[in-house]
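Shown next, in structure tokens, is the structure this report addresses.
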């Protein structure tokens, strides 16, 4: 097999907070294999954080624009770096190469680690959507609990109690759910992954890492979205 | 009980095809009760038809703008008049009154009519999304089949064979699925509902009618979206 | 569209307690639209309350007799006003027009109001049957809890603590289940709906109202039970 | 362990066709163990056959009367000998000993015989109810198909083509469903069981036999319905 | 019907602890009908107890050897007497007569006793596998809880607190789960069944008894594993 | 992040056919990243092919011996290279690092490629077990069909029609199932993956490649089996 030479992955943070994009890019590059270039970007316009169905919906046009631009730029695959996996199916229509969301990657990856996992996320209003995703991805039995820390996404960096609160929520989740692993329910927690794992003594799955390595290996195995019907390139339309 | 006087329902066609909006408005008004005002609108900008995940995603910001404007205008409830139910959860965050999608209304309404129903829709690439909705709404066992006519949404009016093709697809669906009713899988078919029913001899459910009467009766019963957590008004953000 | 003129709905309380029938009729009329006549009746013979599988079974012959008589009387549709939805499928065989149970109507209606609802019902021995209905109607994920108040049906009117007990049970249900709405699990609670909603600050769904408006709008949309196979008029037999 | 001496099982055919009751009793006795007395009865009043939801409902009061009488007569357990398992839960409330339906017994018994089974039943309008039972009993994945022969229950004895039609339907079912066993979907087919099995070369499960041996062994193991809540003796009421 | 004369059932304890085999044999014989011979055996080599996936896997070759030998010895059917049901499908390939596991028999038997049951088992690490079995057997809704006593299998006989601990665990399970019956989650608890039932006042299902009577009645009804495809005799191979 | 230097993955073919082991090793190495050593082995004793539940069971002790030996040899992770995923949970108890089966890896990987996939496997008697795995892994909705080619495992190399038969079966599967990708249902087909994909024009997922890259990236992300309860090192026992 000839390897894809100079594989390039575009990691798209669908919110517009540049510091978060930078952190996400760093975490993605930390796990990417030799010879894989990872570029992290965010849309020019859109919500600064994604904490509601409305945020989620308003972030998607900017995300899709980045995918469309990525196709012109020649990327081999894409990561959608928000735990709600916004716009994932639309992105799969637009891209030739694979597109992976961090929620699906984190939850499927955690399924290899035992009987079940607990999700630890930011604020309570996002728990319902995460639950929906467990059904969409067929991991509803593997997902033993979804726990909110009540820390807004944009406070993860600045709240001095954030680390302790997240650690305590993870500990509580492991005890209550009898779970084998923790899944981090927000791209903004990606940089906490290894410290949490070291403190908790169990595997902690960061979706940014999981999605980046998934795209890398899909490209390596030459696997991509089926293009026969549902995910064929959509009809081009002017937006009247 | 005091009735809501002068109830006003805003029916939003999420695509930008004005002729379709007009037809949808007519069908909604045809079933609305005495004293209920129905206004049908469409976004100023967005896709002319919704036939892909990308169309669906790009239609939502315009739809949400119409809901936000509707709140200022004082509407009592909203219909999202596209069978994919785009942006439904986000719309529920923004509106005080009830918001009902035509797919959920059509499929739940059909559940009262026997053991199961068949969906007849436009083009094959939308079948997967309709299937997802049956799971989301808990009607996966009631939905006995989803059948595409292979007629694009915007050809429903102009294709001279459209009527015959749709009728034949309904007949085939009833035979294959042993179903008790037909659900029309596109707002653009709303005006065919009664003629199809007359020809087929079974109930044909149009989601525009079903959703309009559902909103009307929810308002009448003073029932609306729970606002405690997930569907609370979302954080106001500038789109940086 | 020509409206059904002088629509007549027969609401059947399957137990034989006339005071409860009167209250149910009042609640049904309170939500019925202009021009809709609602008659509430109960069988001449049968259990005074329905609080067991045996009560449920023994109530059905009287209920079906009322449906058969209703067909002769020319009713357009029927409500089965007991939260166990007894005899619903048999009633659908006998009636030309739609037949709606208050449990299915309440639970499907509540599905429009957010992610999930809690059922508050009378006595513990009925909880299992209510749970069965959530599966039958495909709302098992939407139904986040079923809570008994331990008040027998016939004491709802006379027990001086009934109101407080029901209110406290609703509060507990909302807290434990993180639900968006309450569904009242007994026709005998129909008259408490609006006061409970006012006290709780969330939507409270009464099945009598929900089923009555559902029948009204089904008739308005000319939708009725599929009569091709399972729900065709059954073979007439003498009861040897 | 002391065996129950002189165990007595009451097999109740819920329809009023005495010749069918006699045949059912014969089939039940053929499989009952030494020392087990099997009495087969039918209600004095009720439908002559059970082929609709209405038949099913109208048969239950007579069935329950037989159970109540059986309690006075001292029976150790009961079989409900109609494939729709009518009144099963109510019968469990009334009886101290175990009550087993022929559909649940046939389908659970068939689950021991491989990956899955096909049901062969009488007329098409009963297929939906049989499907419901597979979900109620948790055998929806084991039940690979339900096939109607289009022979009414009361014609099973008199239709000269009945045997051939049933045999052909079984053969078709085995081929289409890749099933490991046939389940007979009507008590009226009980006497065909061994001949069908001999002709088909696979196990054919008759619910009358399966339910009778299940009651026998439940009694032998001293196992009976839980009486703490849902299946406690119901409140005694006059039927006002 | 001619009864199988001199029916012989082989009960295989898949672990190698002879005292446990003797107790299992005694419990099986206690419920077997007149004229049924029950022989209890264990493999010559294998784990002394089955408390992990590894134990489970290593016990299977010895179990299958006992089935193969049983075929030569002319047994009519087999019980696999370990609650994990190890090697059950392979045993079905090798045997002409029926093979029943004690977990499937216990859980299906408990399904006749009301709405749901609780499993009480030995150590926590086996709970996950028991949960998997509830899904495999379609009793995931009937199984209301699985509770570990934290007593290793081989200590059931020697731990002076075993009885009290198991009794307390059963009491806790009934209260928490609102269950109608207890299922014993280990063959090593078979001899406690009747005393537990007497103390708890509910049915307690021992899988050894349930599986033995199930095999007995399957043989009596001449029902056995389907041999057309999946469970046909496997290809004979040397183990290279 | 410091990369695991000199990562070593042990790929275990659970059957004893050395030529197949060699081919599997070659396919695994073809997708492993730079610096990853892949060793392919098979047990010394066991079935030459795995085509029945009996083969599956008898292959596991040898597989586990290879895992235990691998722990002494210092491997970082393991692939179980048979599509039935035999012994996977037991292997997870024994290994410190991750263990991945080729069925779970292939099916989860295919879940990234669209709405659903078809499995193409060897002989019909293995279809049932593959279906069970789709439920165990939560991909029962994603798996749109499982198709047997009727070619025994050991004939894949020698049957001159094997290639054509497999290709035709894949084409039929894509047409019938409307699937987005093919999953190869046997390790013995691994070397056909790219040619099939080239001929079919859709992604073809080989589990050997998918599992190898999954183990590689799990190790890279420092993720491994949860060791708190179910998958803790099992009790060491002599095999008495």
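Each chain carries a letter (A, B, C, D, E and F) given by its place in the written order, and its residues are counted from 1.
Everything below uses one rule, namely that a contact is a pair of C-beta atoms (placed from the backbone, for glycine too) under 8 Å apart; a residue touches a chain by one contact, two chains touch by 3 or more.
Everything numeric in this text was worked out from a predicted model, so none of it was measured.
Compared on C-beta pairs in contact, A-F and E-F come out with A-F as the pair having more. Where chain D touches chain E, over half of the residue numbers in use are shared by the two copies, so each contributes mostly the same positions. Averaging Cα atoms per chain gives one point for each, and the point farthest from that of chain C is the centre of F.
A straight line joining the Cα centres of chain A and chain C is 44 Å long. Separating the CA-averaged centres of chain A and chain B is a span of 31 Å. In this assembly, the C-alpha centroid of chain B lies 53 Å from the C-alpha centroid of chain E. Contacts with at least two other chains are made by residues 92, 115, 128, 135, 141, 229-230 of chain F. Contact residues of chain C toward chain D in the complex are 16, 45-49, 51-58, 60-61, 64, 87, 89-90, 92-94, 124-125, 127-129, 132, 135-136, 229-232, 234-235, 237-240. Looking at the complex, you find that chain D touches chain E at residues 1, 30-31, 33-35, 92, 98, 100, 104, 108-109, 111-115, 137-142, 174, 178-181, 194, 197, 202-203, 205-206, 209-210, 213-214, 216-218, 220-226, 228-231.
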